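You will see chain A twice below: alongside chain B first, and alongside chain C after that.
Showing the complex of A and B:
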C-alpha cells in the first residue's frame, strides 16, 4: 500500500526523535545495573552507582570544579556580554558590526582551535594550569550566548522607552535598571542558561587547559570512559541529564524559554 | 522707556532657541533657528517629514544636542543639561509606555524620580489620570488598553511631574480620524487649564492650525514662518508656506515679460511676487481662493468634473488644453450645481497666487 507524503514525514520525524533520544535512555538504564560493566538491558536494579559517585572525592571534586566554572563564567559573561550587546545595539561604539562578529566568533570557531590557541596564549602569559585562566576560557566560550540573547532582546525594544525614562528624570543607569533590564531579563535568563550548560558540558577547550590536580566533570567522564567503563559513569551522566532537564523545564515554565532559542 | 525688544522677549519667553543648528556629518537638519515661546503658549512645529521639527523638539528634551546655538528654558541655558535634569514632559509618537509597569506605575515614574511617595504620590497620580479622563484603570498594564487609552496614559505620565515645558511628538498620528479630532479639542483644553508652555510637532496642518496659538512652519531645517494660524493661512510669508498650507493647485509655468505667470495655452496669471522674466516656476493657487463667477471678469474656463463632498463642491476647471485646476465653492452657494461642459469664469486674487521657483 502506498503511503501519503504526510505520513512519511510523520514517521521520519518519529524515527529521528527515537534515534536521538535512545542513547539518553540507554545511559539512564545502564546506571541502575548491578553489574560492574555497562550493559543493556540492565541486570537487576541498584542505586549503588549513584552512591558511589556521590561519595567519591574525585567525582565530587570534579562536580565542584564544574559548578564553580559554570556559575563563575556565566556571571562574568552575563555582565560583560550584556554591556557589549548594549553598546552594540545602541551604536555607542564605532564598527559595531565588526565587533559583533568578533564577540560571536567562538560560536562558529572549532572548539579545538580555541583550545589550542588558548593553550599557547596561556603558556606565553603564565596562565597555564591556573583556575583563573580556565575561568576566562569559559567566559570566552559562553559570552556569545549572552550577547546573542541580549542583542535579540534589545532589538525588540522601542528605543523611546529609555528616552522616556530619561526625560521623566531617571539618570542613565537608573533608566537601564528600571526600564531596559526588566524588559530584556527573560532573554538574558535564556542566554545565561545556554551559557551555563555550555560551560558545564565543555570538554574540547577545557581539556587543553586543565591542570593535573583539578579536573571538570565532563573531562573526568571522558577520561573515565577511556580507562574502562563502569556504571558510575552512567550514573553521573544520568544526574547531569536530570539537572539540565530540570533547569530547562523550569526556564520554560517561568520565561517561555523556547522563544529565545 | 521701553526695554529693547530682544530683552523684553527674553524676559517673557518660557522656551527659546538661539541660533540653533544641527548637522549629521555633511547633512544639515536644522539651520540657524531662533524661536521664542511665551509662558503658557501653545506652539505647533509644522512641516513635512525631514524638515527638522522633531530634531528641534528633541533638543528641548535633551535627547539631541545642537551642533551650534543655545536652548533656553525660562532664563536657564539647558544646552548642556542632561534630559533628567530639564524638567520637561514628552509625549512620544509611539507613546513609549513602560510595558512591564502598571498604568499607575507609569504615571508615577516621574514623580518617584522626584522622591514623591506615599499618599502624595497616589493623590498626584490619580489627579493626573483624572485630568486625562482615565480613572479606574490604574491597575492595568498598557497592553490591556486601547490606543486612545494608551495615549491618555502617556499624557498623564508627562504632566504628572508638573513639567516646565510640555512636548508632543506627533502624538495623534496613530489614532483613527474621529478619535484624533476629539483628542485635538481635548488636548487644547487640557493645555489651557494647565497653562504649561507647549511645543507640538506635527505634519498635519489642520492639527497645527486648530490647536496652536502660534504655528512655526519649517522646511529643510529652516523656519519659514512663525506666526498665528490666521496669518500663516492668509498671509503666507514664503512660497513654501503657500504651497504647504491649504489645498493648493500646483501648475507649471514661466514668468512672462509683463511679470505675470504664463501657464501655457495663452493663460496668464497675475502673481504677488513673480521674479525674473523667463524663470521656470510652479504657480501655487489655493482652491479656496478661486471664486467661480458665471460671467463677467476672470479667466475663462470649462467645468470638466464636479465632486460633491458635503460642505463643499469641488470643480476641475479646464482653462486651456493641458491647463486644469481645482476650484471649490460652498455646496449651498450659487454656483454649486454646475454640470460638466458649463463655461465659467474664475476670479483669482493676485495675492492668492504664489510663484515657487523650480530648482
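Showing the complex of A and C:
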C-alpha cells in the first residue's frame, strides 16, 4: 500500500503547474501579437517587435551590459569562491566558520538593504555609477552560490585521492588541478549557472548603483514597464524566456541540474 | 598550511569586508542622523527621530503591518498550493517526476521582472483576464486587480511557490514509506495516515519552506513595485522611495535596519525551533 496522491491533490497539483506557466505563456503570445494589447485569440502574428528590439541601441546596450556583468561577476566569484571554499573545507584558515557565515550573509540580508548600503558606500567613495562598483556588487551577491556548491562537492570528496597524487610526486596545485578540480566540476558548473542567472536577474541591488547612461536588461525592462506595457518589452522578455529554458534543458541533459537545487 | 589557507581565502574575505561588511555597518549610523527636508542630512547630528517616526507615524506603521501581513498570507497560500504539488512530485507516477520538477524550476529560474510583466499583461484593466471577461459579457467594467492586494498576492505567490515546492519535495521524500504502509496495513484511513504520520514528519520541511518564503516576501522589491504600483507600498518599496525619491536617507536607513532585524530574528528563531525538533 502506498500514499499516492488522491484525486483532489492531483487536480490541485496540475492547476498549480498551469498557474506557474501562465505568465510565461502570456508574455510569449504578446510578443508575436500585432495588437499592442493582448487579446485571446491574438488578432494576428508578427515578428516586428523582435526586429524593433534588436535594432534599438538602448536594448542592445542593456543586453551587452547585463552579459558583461553576469560573465564578469561569475568568473571573479568562481575564482575567489572556489579558492576560499577549498581553504574552508580543508580547515586551512583560522575562523573558517565565521568566514562561511560572512560569505553566506548576502543571501540572508534583504537585497534592497544591500542595495542601499552599497549606494551610500559608493556615494562616499566616489564609486557611484562606476562599472567596477557594479561588478563588485554582483560578485557579493553571486559568490554565496559558488561557495555553497564548492563546499558541498568538496565535502563529498575523499581527501585520500589528493594525498595519493601528492605521494606520487604531484605538487599541491597540480594535485588540485588534475584530481580535485575534475571531481568537483559538476557542482561548480551548477553553482556558476546559478550565479550567472542571479546576476542576470538582479534588480534590487543593481537599481541603486547604475548610472543613467548604463543600465542592465532587467532594470530597463523594469523602468519600461513603469512607462506602460509595450509589446517590445514582451519581445525582449520572450528572448530571455527562450534563453533561460534552453540553458536549463542543456544543464539538465549534461549533468542533471535538478540534483543541485 | 596556514599561510596557504590565508592566501586562498584572503582575497574573498577582503572583497566581502570592503564591499559588503563595511557598507552594511556604515549604513547603520545614517538612521540616527537628523534630516531636514530640502537641505538633507545635518552632519554630526544624533537623533532618534527616524526610528520614532517608524513606530509612531500611522503611515509607516500601516506599511510595516501590511508587509508582515502580506508575508504571512503569501506563506500560507504557498504552503496550501505547494503541498499537493510536492506530494505529486514525490509520490506520484515516476515518469511524471522529472517533467513536473522542470516545470517548477523553469519559472523559478526565469527573470523576476519578466514574470511580473506577465502578470501585468494578465491582470491590468485592459489585460487578458478583464478583456476575456468583458467579451464573455460577464462584467461590464474592468475589475481592478492591480495596484492593490490582489495583484501583489498573485505575483508574490507565483514567485515564491517554487521555493516552497522544492523544500517540501525534499521533506516528503525523507518520510519512510514503510511507516505509512504499516499504518495503512493496521487499518488507518488515508486521511489519518496523512494527519498522524506524513504531516508531522514533514514539519521540519514545512518550517524551512515557510521561513524562506516569508523572509523573501517581506524583502521583495521588484514584484511589489510592478504589481503594487507607486502608491500601494511595502517596506522594500518604501526604502527605495526614501533613498531614491525623497532623499530622506535617515528614514530609509532606519527602515532598512528594521527590515533586516525582522528577517534575522525570524531566521534565528526558526533555527532554534529546528534544533529543538532535531533533539527530541
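In the analysis below, the second predicted complex is superposed on the first by the 251 of 261 C-alpha atoms of A that agree within 3 Å, B and C clash if a C-alpha of one lies under 4 Å from a C-alpha of the other, contacts with A are read in each partner's own complex, and residues count from 1 in each chain.
As a convention for this text, a residue touches a chain if its C-beta (ideal position, glycine included) is under 8 Å from a C-beta of that chain, and two chains touch if they have at least 3 such contacts.
What you are looking at is a predicted structure, and each value in this text was computed from that prediction instead of being measured.
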{"item": "When chain B and chain C are modelled together on chain A, clash or fit", "value": "fit"}
{"item": "Partner chain(s) touched by A:108 [first = chain B, second = chain C, both, neither]", "value": "second"}
{"item": "First (chain B), second (chain C), both or neither touched by A:136", "value": "second"}
{"item": "Vertex chain A angle, Cα centres of chain C and chain B, expressed to the nearest 10 degrees", "value": "100"}
{"item": "Partner chain(s) touched by A:179 [first = chain B, second = chain C, both, neither]", "value": "first"}
{"item": "Which superposed partner A:161 touches (first chain B, second chain C, both, neither)", "value": "first"}
{"item": "Which of chain B and chain C A:170 touches, first, second, both or neither", "value": "first"}
{"item": "Partner chain(s) touched by A:4 [first = chain B, second = chain C, both, neither]", "value": "second"}
{"item": "Of chain C and chain B, partner touching more chain A residues", "value": "C"}
{"item": "Contacts of A:97 with chain B and chain C, given as first, second, both or neither", "value": "neither"}
{"item": "Minimal inter-chain CA distance - chain C and chain B, angstrom", "value": "11"}
{"item": "Common interface residues of chain A - those touching chain B in one complex and chain C in the other", "value": "172"}
{"item": "Residues of chain B that touch chain A when the two form their complex", "value": "61-63, 82-90, 92, 94, 96-100, 109-110, 113-114, 157, 161"}
{"item": "Of chain C, residues touching chain A in the complex", "value": "1-2, 4-6, 8-9, 11-13, 15-24, 26-27, 30, 81-82, 84-85, 87-89, 91-92, 98, 100-107, 109-122, 124, 126-128, 131-132, 158, 161-162, 166, 177, 180-181, 184-185, 190, 193-194, 198, 215, 218-219, 221-222, 225-226, 236, 239-240, 243-244, 249, 252-253, 256, 259-260, 263-264, 267"}
{"item": "Parts of chain A lying in touch with chain C, wherever the complex brings them together", "value": "1-6, 8-10, 12-13, 16-17, 19-24, 26-27, 30, 37-40, 80-81, 83-84, 86-88, 90, 92-94, 99, 102-103, 105-106, 108-114, 116-121, 124, 136-137, 139-140, 143, 147, 172, 197, 200-201, 203-204, 207-208, 218, 221-222, 225-226, 229, 233-234, 237, 240-241, 244-245, 247-249, 252, 257-258, 261"}
{"item": "Chain A residues within the chain B interface of the complex", "value": "158, 160-161, 163-172, 174, 178-179, 182-183"}
